[in-house]
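Next come two complexes built around chain A: one with chain B, the other with chain C.
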Partner chain A sequence: MAEPLVQFRAVHKAFGTYVAVKSLDLDIHRGEFLALMGPSGCGKTTTLRMLAGLEQPTSGAITIEGKVMNDVPPHHRDTPLVWQSLALFPFLSVVENVEFGLRMRGIGTKERRDRAMLWLDRMQLKGFEHRRIDQLSGGQRQRVALARSLVTEPQMLLLDEPLSALDAHLVIRMQGVLTRLQKELGITFVYVTHSQSEAFAMADRVVIMGHGQIEQIGRPQEIFRGPRSRFVAEFVGRNNILAGQVQAGVMQSPQGSVPVGAPDGPAEIVVAADRVTVSRDRPAGAAIRAAFLSEEFAGTGIICYFETPDGAEWKAQVSESQLSDLQAESGQEFWLSWDPARVHVMG
Partner chain B sequence: MKALGALGWIYLAALFTFVFAPIAASVVFSFNSDRFPTLPLGHFTTDWYARAFSRPEVWEAISNSLIVAGVTSVIATFIGFATAYTDFRYGFRFKQAYLALALLPPTLPLVILGLAMLAWLSQVGLSGTLTGIIIAHVVLATPFAMAICRLRLSQMDPSLESAAWNLGAGPWTAMRYVILPFCAPAIVSALCLTAAVSFDEFVVAWFVSGLNRTVPVLILEILQGNVDPQINAIGTVVFLTSMSLVVAAQFMIFRRRRNG
Partner chain C sequence: MITSRKLDLYPILWRLPLLVWQGLFFVVPLAFMAAMSFWLVKNYRMEPAFVFDNWSRMLGRGAFWDAYWLTLGRAALAGVLATVIAFPASLFLSFRLSESARRFALLCLIVPFFTSFLVRAYAWQVILAESGPVNAVLGAAGLGPFTMLNSGFGAMVGYLTLVLPLVVIFQTWSLAAIDKNLIEAAGNLGAAPLRVLGSVIIPAAKTGLVLGAVFAFIMTFGDFVSPFYLGGSKPPTLTILIIDTTKSGQQWPRAAVVAIVMILTLFAVATAALKAAYGRRG
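Let's turn to the complex of A and B:
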């Protein structure tokens, strides 16, 4: 395998006594779309800022193309960043914003104007080049920010929650724009987000971070179906976790005893919400009893919330017709069941 | 916003009358032929202006005032901007003390400041020179420049500067192409306001000016001799100059053009 584009080796970053990133080891490959995901304060943004040279690691080494970059100032790197706030220059026109990076590299007036116009065209912003930034819509600004970062033809683009300020329908569209762009350019995208839907929809690989450390790295499907720790399972969402003692293929848990395919001893299993079946009568196999609490309309279906007798929250994804068949009322008890072969055993 | 009621308008009119009536009267009497400011008015004349501005010491004072105001505004704005930028960009120990000290001078009683300046400037041999007045006025005016620049920097997205670095600008280039353009309205405004502060300032100038009188010092000297409508003429010119500067400063701060 080719040498990774970026390598983090035992990278440690502390702000005073607060440790933001702990002994991070991470390879970023050429041409991949990598998402750094985690709750706020997990160190994902600090990791990105260290890559751009905006923060220096306290210890450890960051190499880009085999060269140690720890002490290289941001303006001597080729790591353009799309900012959460976009950070467009309000006193410059659209085309002047896009030209900025070329201007800083000493490229002549004519050439930089031509190259900027090419990118504006590509971002479907032709005709807007002399507008001021405050005359653009949110989606247009987003594309100006992308054009400004990409005009210097970098081999890597860093994105810091760039879609967090957009309306939901624009987010979906921009996700399409970003993935297409990344495939066309063939460059590396490093995308920081706390939104699992963004990360899973776009990334080739997802890095889940928590408390300054990497919790799990993998393809979206791997992480979604096979969370390695309770932290990941809970963060990824719509997962139910059952913990208990396994003996002869049966787990004794506070929610009840259910068959599992796990060796004897303590175990935790993850039952994804879309694999839970809700019924009034006790089905055969793995099932626990829980009281209906409420339902929530999500993009892909309806999430029903239940509470088990010991107070644990369970989620089940159902369709609209299933929900109306159930005629569920708050406080009514149901059976939640699943196929023991389709659960994930953690550890 | 709620519309202003009739009472509100009356109150506003009364307030502005109270503030501006004396100034308006001074302007009116500067064009009045009578020797003393009494009603009814005499006839219209520009005679007082002609007399006032035929005196060489008036021209000398105006020239002094303009030099002092011009140089003061440039130095005070430069220091004020640098102080505000330091506050914006860096975190350090005793920052609160730094800010308090930087904003202190206008809160000192002017008589005290004037006396202190006189004592200190005579020690270093600058008392009675334009340089001395400039130094004293820079001390007085810098906090205003700093406050204006600080307000503008507080409206700036802090990622803007990092974005410039990220796109290949070194620290000084980022200052030149991002920070200064962003702060341009505040800088022009600070130049106008500090010029106005210096142009109007009397107490400290009176202590340190010696024979190099500025306009406010000269006005008092003429006034001590006798009451003469020439004072109204000079006063009108001074008032218009200061007002223009202050209005220009306000305009730059509050217009909503190209700001983020």
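Let's turn to the complex of A and C:
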């Protein structure tokens, strides 16, 4: 494989006594759509800001194209960032906003206007060039921010939760715009988000971060079906976790004894909510008993919440017809079962 | 659609005190002064009349226009100097201090107003005197002594003493309110620090910068303490001219002419400045 575009090597970042990023090692490849995902405070935004030079690593090295960037100020980097607040200049018109980067690079009036107009056209903002920023809709502002960052033809684009302020239907549309744009331009996108749906829908690779460290890196499906730690399992998807001691293919857990395909010793298994079957009668195989709590409509199905006798919460995804067949009432006990071959053993 | 236009007394009732106050203590005196500018003075006593004598005499006098341009020039210079001198301080307060330290610093900037400006002007008389500490220090370095009092320089020291704290407060308010992301975004898009200042920070803080300068202009334009106690009254500013005119022969009507010209000038400057401060292109 070719040399990565960006390399983080043992990067550490502390703000006073608060450690935001701990010994981070990460390669970002040319032309990939990489999502940095995690709960707030996990260090994903700090990582992105260090890449843009807006924060300096406390220790470790960040290289771009093999060149150590630690002491390179932001304005000497080619790492445009799309802010969560977009950070468009309110005192400039739409086209002047888009031109800004070109103006700072000393490109002449005529050429920078032409290049800016080309990008406004591409972003379907033709006719809006002399508007003020506050005369645009949320989606239009988004596209101005993208045009402003891309007009200088950078090799990578950094995005910090750019869609978090948009309405749900606009988010889906902008996801399409972003993935198409990334494929067309062939440049690297580094996308920070706490939204699993955004990361999984767009990214080639997802980096899950927690407490300033990388928990897992992989393709969306790998992470979704094969979380490597309890943290990832709880953060992505609707997963149930069962922990216990395995002996001769049977796990003894507080929720019950179930067959499991794991070697002897302590183990944790992840049962995705969409792989749990709910029934009144005890089925053969892996099953635990739990009381029905409530249900929640989730678009693609219904998530039923259960509580095991020891107080653990379990989730099962069922269809509408399944739910009406069950005639579940709060407090009633059911059997939750799954195919032992279709669970993920962590560790 | 036709809506019944009922006269709502409640809001009018609450606005009434302000209207009465403004009417009694601003509009009426102003109208009175305007009327007075057409009166006559006979044997040191004013007589109601309607003659243009005061206007033609004052505006026809070269000395009046000398004073007018001097005052206007000094006010403009004080506005520019105060803006330029205050700006680095405001930048420091806005971007280098924590929120609480900034609040404390702004509080300190209000402290000078606890003392009468007259007292502060007297303090400068001592400091700037021929035998004062400034000349002593310069003398030790083999310079001077310089005559700093009773000159345009002395008056300008007074003007800046009066306006600098306010200008810093105005500037700091607008600079500290700038979205920090805009500043980072400018750097991110390739702007070196100095260009960030020119292309983002100054345009984004335009309102506060213009208002600060206008306040400096207005206060300097109408100040008589600085030109009187530190500027030596010569050549006279419009404020000195008003004092002289009233002292010599009770010429209140002619002083009214000067005052009305001053008010009209300030009104024009303030209107233009507000347009510049809040106006947007496009």
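As a working rule, the second predicted complex is superposed on the first by the 346 of 347 C-alpha atoms of A that agree within 3 Å, B and C clash if a C-alpha of one lies under 4 Å from a C-alpha of the other, contacts with A are read in each partner's own complex, and residues count from 1 in each chain.
In the analysis below, a residue touches a chain if its C-beta (ideal position, glycine included) is under 8 Å from a C-beta of that chain, and two chains touch if they have at least 3 such contacts.
What you see is a predicted model, and the numbers here were worked out from it, not measured in a lab.
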Chain C versus chain B on the shared chain A, clash or fit after superposition: clash
Partner chain(s) touched by A:211 [first = chain B, second = chain C, both, neither]: neither
Which superposed partner A:122 touches (first chain B, second chain C, both, neither): neither
Partner chain(s) touched by A:74 [first = chain B, second = chain C, both, neither]: both
Partner chain(s) touched by A:85 [first = chain B, second = chain C, both, neither]: both
Chain B versus chain C as contact partner of A:105, first or second or both or neither: both
Which superposed partner A:9 touches (first chain B, second chain C, both, neither): neither
Touched partner set for A:152, first chain B, second chain C, both or neither: both
Which superposed partner A:173 touches (first chain B, second chain C, both, neither): neither
Overlap of the chain B and chain C footprints on chain A, listed as residue numbers: 52, 54, 73-75, 79-81, 83, 85, 87, 89-92, 100-101, 103-105, 132, 148-149, 152
Residues of chain C that touch chain A when the two form their complex: 179, 181-182, 184-193, 195, 199-200, 203-204, 206, 280-282
Of chain A, residues touching chain C in the complex: 52, 54, 73-75, 79-81, 83, 85, 87, 89-93, 100-101, 103-105, 130-132, 148-149, 152
Touching residues on chain A, where the partner in the complex is chain B: 52-54, 73-75, 79-81, 83-85, 87, 89-92, 100-101, 103-105, 132-134, 148-149, 152
Chain B residues within the chain A interface of the complex: 157, 159-160, 162-170, 173-174, 177-178, 181-182, 184, 258-260
